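Structure provided below as structure tokens; questions to follow.
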């Protein structure tokens, strides 16, 4: 972890344990072995190594090991210090960070407040970047001294810290960015502060990172090298894992149908925890057949979610009660009205209608859609499956040309990230044009309130309303998974599905 | 002859133009927006507009076509939308893998087809011949992806003799590369083996009926001397030309074979790009294939015209 | 050698020159292969027609708790990932794949034939331009062109049929054109035209009868190629859309579940192979039987 003092002690302890000859009660996990190469499967190839331009979730897997952010999270999704050792709101729109001292970028230049300002300004002044909407509440950044930086906000934003855990808060070496020029995104030499440095990237083949000998957490990382390989076919990933071509596969790299055989393989390890995502299908409440609430409710009542979770996801996903997953502090475990199928009640709400269900062109989605169609037909509702490419569905959904679309959300750490863009009137992901003034108010209030105790009841209430309204038909929450060879040790599974390797050793 | 060549080349120009327009418009007529696809979850209306502008997708189609074709003629096929790599580089990088696979497929197919076809011809009507003929029809009837799946099922999943896919460059490890080459090469080569076997057989039958064969036999030459000394050589001439044509079949087969076995060649790039709406790559590959195909056909026609002066030039 | 999609097998060599069989019965007697191959094809068509009675289960009825079961008494080929009876789906799949082949060939035949006819009959600029269009189609390897067309029009069986039909065009265009050209110069044709015989009459009376033999052979081979092309397109996800039971698409799913239940791939795979084999075999046998002999 990134607390220097604790890490120092832990490091010294482990190091001494490693050096000691024989005996001694060391950590339960065994003595970390220093060195070795870890081979990692990615679910698809990356497009860019520049967080500014990054638009794919898979890219974060590499970023988190190469770049550090101002803040990080722990297993319970609490915000913890990263490159910033502490922070405070001097007033609701002023956020001050105290930065870690003595940290250097991989190219040798110093990490300091100027570097932070450079990176944030870079986002704010970019012509277009997916990061801009993440930092929409930031007005400017001010350098107080070399290790103090102040964010001036346009309005209070409780979700800002969570955003700074991810790509928006990653601090890269200004010198490296300037030196890299136009090809920086493909060749970010010396740009990070993280446990591993960039070596090379051979597209569609492999991406190599190597150990940062001057990492600011002493004694870390243990591994010498990380080699990432994009393996899009899950059967191929499983085979690679079995033959040792791959040591670890990320979340969703191995298909749910094969997890059982992973679990029964003694040379492999499988662990999971509920992730941040929600899945199901969005419905167009603004126009078309689903503008009628009764019809939305009928569909929500007729679905047998348990059967879908069993057949399509092999019971690896958790039943969803709304947009917030069980791992979040904002999770509300109270029973919602749509968790079990009630076909007769569905028929009483509305029956005898048809709608289009846009389905991504992947086997799992098609299987799920077919099952949904079958279940709904029992309630006299006809779902017509329209298989399209994911990109096409997104295009049509954002222009509101759909009835229903089997699109989910990968999830964000802060509950605001799973709700505001989706369910606030005019939200960026609100393809279904859902609009409820009560929900709007609740979400806006929760966004500016600063403590969880205030925010939670707001989110509870908002969820109750939008689930009852069937703003979205929720089915399940996907897991964050560790699927690895038994040789991989000390891996910590975090709900955001990012595989962090600073603490991992291989032996 | 020269006249024929010039005429053919002249006729190729309008065809080439039609082909390029077809390639361009085919791909740009789809309703999917690659900008939305790239941005995926991070899409916001401003980001989409900005990315479309960056990719040059908001200019009128004729403009885009002219830019594309004028660059293409100079060897610049633009940049991939998905990876931002120059298209020419992306294709050339993957060409060795496809060439290796295609060569291996053709090689084993020829090595198997010629003896098999010869034996079938020599023992015409026998059970071997019937089997061989049956095999030739089956070989072009069974889909190559089924063959691939069967091979993976038996030799990889069940017997664990071969990996189910993947690729190691020759520069890294020759044994590993060859190990992974076996299954895809067999899959890809099945169709051409069938064709070549059939062709060798009929060609050999033709030759065996010739008078000079009978003369040699009458003079006391053994069958082996006759076959190797005379028949085989003459029978092989048409076979060689046929093999040249099979490049087309290999290319088509490579699309599916490379996808099944995760073999990173041009075929897999094409399929991935189609599903990823990567216009520049799709255009580049199809254009290159179409033109090399046309040139190959021209070469074969010229070869025929040269070999057999009886062929008309109509 | 033209570059048609079907890897066309070269013709067999006759032992001795044979005379044309004069009747269907004579044909079948002299060439038993034609009889057997036709028999196989008729069997396939029968299976397809009688599907509702042979299948025993509803091919679209899901039974999610009984998914991925192996072969058993209740389910001869087992169940698929949604618990549907695989045997029923394979049988019903013939109702998708067979008609598609026929329609695609019909499209290629009529449109290609029309083009070839016009080019040959009109000659001159018409011929020049139309044949360049044909050349343009032939410039692409067939599968690639088919994929590109479907990628534009959108996935679906209808568009797959159009794409495959377009790819089949050139063979029929050239066939028709060659026949027309060879007849054009003949005296009796010129005489007939002078007497005012309409083009339709000429086509019906003189052109088509001479084409019948090579046409039948070509249709059989084209059908095989069309089935194979449709299976490949559907395998890639560009053809039939769920939940239509289509062999190619079933193999796509089957490849996914290879580790779990190989029958999902084996069932439809065998079905495609047998059907395509039947067409190819028939076409091959017919070619031996019908084409005038004396080679070399």
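When the chains are written out, they are named A, B and C in that same order, and each has its own residue count from 1.
Everything below uses one rule, namely that contacts are C-beta pairs under 8 Å (C-beta built on N, C-alpha and C of every residue); 3 or more make two chains touch, one makes a residue touch a chain.
For clarity, every value in this text was computed on a predicted model and none was experimentally measured.
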Overlap of the chain B and chain C neighbour lists contains A
Of A-B and A-C, the pair joined by more C-beta contact pairs is A-B
Of all chains, the one whose CA centroid lies most distant from that of chain B is A
Cα centroid separation, chain B vs chain C, in Å, comes to 22
When centres are defined as mean Cα positions, the distance from chain A to chain B in whole Å is 42
Distance between the CA centroids of chain A and chain C (whole Å) is 49
Among all residues of chain A, those touching at least two other chains are 235, 361
Chain C touches at least 2 other chains through residues 237, 255, 258-259
Check: chain B positions touching at least 2 other chains come out as 31, 275
The residues of chain A that touch chain B in their complex are 45, 47-48, 54-57, 127-130, 132-133, 185-186, 203-205, 231-233, 235-236, 239-240, 243, 245, 361, 389-392, 394-395, 398, 409-410, 428
As the complex stands, chain A meets chain C at residues 235, 238, 255, 257-258, 261, 307-308, 310-311, 361, 363, 366-367, 369-371, 373-374, 385-387
Residue set of chain C touching chain B in the complex reads 1, 3, 5-7, 9-13, 15, 132-133, 135-136, 138-144, 147-149, 151-152, 154, 224, 228, 231-232, 235-237, 248, 251, 254-255, 258-259, 262, 265-266, 269, 272-273, 276-277, 279-281, 284, 295-296
So, in the complex, the side of chain B touching chain C is made of residues 11, 14-16, 18-19, 22-23, 26-27, 29-31, 124, 136-138, 140-143, 145-146, 149-150, 152-153, 157, 191-192, 194-195, 198-199, 202, 205-206, 209-210, 242, 245, 248-249, 251-252, 255-256, 259-260, 270-271, 274-275, 282, 286, 289-291, 293-294, 297, 300
As the complex stands, chain C meets chain A at residues 61-62, 64-65, 67-68, 81-83, 155, 237, 241-243, 252-253, 255-260
